[in-house]
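Structures are listed in the sections that come next.
Presented sequentially are two complexes of subunit A, the first with subunit B as partner and the second with subunit C.
Take a look at the complex of A and B:
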């Protein structure tokens, strides 16, 4: 059973179509990256999956349930971290743990405290005085202690310095993720999560332009770097001139064919996104 | 930030790192290799990629799984890795080096003498 199964999601805000037929699948034990520019529908998609917004049309199931109708029940099994600190600022860290322990059926306080012991966070301090990095550390500690089956991350490292960003993904991979859990993550820092992902979805104008396991990218796309204007065996998705030569990205061409023409490599997600979105405009 | 060569899949690069450590002795026979989870957190790569590299090393007889304990360097792994690497050198790398030597008009015997 899929953790998230979305078919033909539509959602409009007035004349703006935020979701325009989005299909998305998240299986257990996968880390899926939802990559898209501002206004591509990422936030609306996440909100829909968390049951925070209804849909105009489409079928959406999260952990087997309708997220709007079963929101209360799903919140025991789904966790969410956003770039805007959403923990109550007026609470002390210690009191926040008491509170979560009282309202959340699965909260394991020892796990949260062990996580916090590894940070500089003083449990007697109020959430308000924590730095942005500490706020995220605290949130992650609570999420790990809940052991949610699905973790939704919306720009989780936005505004954090490099140390906190690295620690965040270290914490997620070491403390949270395993083959029974799933992560759906959106971010602009594509390079940072490129290798963390098991699957990628490119979102554009509320639709999935590409949906692939990361392991399939090398079989589907090839970047060719060559020096002179040669006759290309097929129309590339994109071409750009760089210091290292001319770079073209191809879809569905065998590596062996291209290897005779120059240096072949696998495009990174940022390059691929630009190539596919530009082609969409062409 | 990107330490990976975009011309090769990451699991192959991970495999090569482990082989390198086995050959250099950094990973001794019988010693445990870091857990999938540990490598994932350290390198910020997904665990499936690491499992794939480890599985390949298991298939090659360089690592072995011990139930509940993790992955270990097999007894005889160093010798096996050395044989494989020699084979790769002799069949793939040496012919290229030899061709280059001949292109440059150098005498292989002289070069080997000088290296001794």
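Take a look at the complex of A and C:
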């Protein structure tokens, strides 16, 4: 059974269609990146999966439940870190741990405290005095101590410096992820998470333009870098001039066919996203 | 149960200091004024018409107390103990104890209004609503915990503070009296009945407050800014609209009838009769509607 199963999700805010027939599957033991520009529907999709917003149409199941109707029970199995600091700033760190311990059946306080011991966070301090980086560390410590089956991350490292960003993803990978758990993550910093994803979904105008395992990208897409105008064997998804020459990205073309025309490589996610969006606009 | 205790503790952590400061200020002012009057100023000169006291109309004195509660305290402190019968003494002390309870009731109403208006607005304002909603707690449980904190937990704290203040005021008055007179005051104070009186009073008050609490929470869950203005402005605007369009005042009359039923802080014949008024039961129905809508709005709105 899929951890998340979404079919034809539609959600509009007035005349703006935030989700326009989104299909998505997340299996157990996968780390799925939801990649898209601002306004592509990423946050709306995540909120729908967390039961924070209803849908106009479509079928959505998270861990086998309707997230809106069963949000209370579902949140015992799902954890969430948002793009803005959402921890209550008026609370002391130790009181926050007390609260989560009281309301969350899976919370293991020892795990949380062990995580915090490895940081500079003073449990007696109020959340409001913590830096943005500490704020995220604290939230991560809580999430790791919950051990949810699904972790939803909405731009979790926004505004953090590179050290905290790196520590964050290391913490998620080493402290949380295993073959029984799943992660759904959205971010603008595509390059930063590219190496940790098992699957990627490109979202644009509320639709999934592409959805496939990371391992399939190298088999499906090829980037050709060449110096002069040549006769290309197929219509590329996109072509652009760079300092190192002309780069074209192809879909479904064997590498051998292109190898004699220039340098062949696998496009990164950012290049691929731009190419696919451009093709969609063409 | 453990979860609900956690929710109530969360409310206490957020609002406890507000409650403590409000009650502490009233407590300090009461004791200071009593001590000053008795031991420093030394000019206590209050006359009560003791002939009006009888066994059945002690509760009836509460209207006088509301008009001038300090007068009640001073009257108790200035008791002519030897010239009073036990019944008169009992009536005077009852006035003093009620007089001590009134400012605590007043500050409780102010604090309750403030907390109810801000509880669901502030969590959207600082985005913490997303964290609260990431916990396995339903919107109905959240709304219920906030309501029970204001109408159940906060009154408990107010009652304990009131009892302490009543005890201290009587003790202060006793200090100035000879031993035999002091003994009569302690006996006449029937102090052991005060917890019962206060509990009954605050229970009735809670029932009376339900529709107001429901309304304030609904506004708190909906308003993008200035929930206080919306909470007062909407009923006022609707009443005005009714009078302009239909030339009637049904809505404003209903609201005023309910407000006029405000029970006093201690149980009495007057307070108990509040429960017999159909307006109270109609108010409970209205409260259920407001609270159900509050749960829906809390589920629906995550930002301002």
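Keep in mind that, in the parts below, the second predicted complex is superposed on the first by the 282 of 282 C-alpha atoms of A that agree within 3 Å, B and C clash if a C-alpha of one lies under 4 Å from a C-alpha of the other, contacts with A are read in each partner's own complex, and residues count from 1 in each chain.
FYI, contacts are C-beta pairs under 8 Å (C-beta built on N, C-alpha and C of every residue); 3 or more make two chains touch, one makes a residue touch a chain.
What you see is a predicted model; the values in this text were computed from it and never measured.
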Touching partner for A:273 - first (subunit B), second (subunit C), both, neither: neither
Touching partner for A:47 - first (subunit B), second (subunit C), both, neither: second
First (subunit B), second (subunit C), both or neither touched by A:202: neither
Partner chain in contact with A:98 - subunit B first, subunit C second, else both or neither: second
First, second, both or neither for A:221, with subunit B first and subunit C second: neither
Contacts of A:75 with subunit B and subunit C, given as first, second, both or neither: second
First, second, both or neither for A:264, with subunit B first and subunit C second: first
Subunit B versus subunit C as contact partner of A:192, first or second or both or neither: first
Doubly contacted residues of subunit A, that is, touched by subunit B and again by subunit C: none
Residue ranges of subunit A touching subunit B (in the complex, touch as defined): 31, 166, 169-171, 173-174, 177-179, 191-193, 195-198, 214-215, 218, 223, 263-268
Subunit A contact footprint on subunit B (complex, rising order): 1-2, 4, 6-7, 9-10, 37-38, 40-49
Subunit A residues touching subunit C - in the complex, by the definition given at the top: 47, 50, 52-54, 68, 71-76, 78-80, 82, 84-91, 95, 98-105
List of subunit C residues in touch with subunit A within their complex: 2-3, 5-7, 9-10, 13-14, 123, 126-139, 141, 299-300, 302
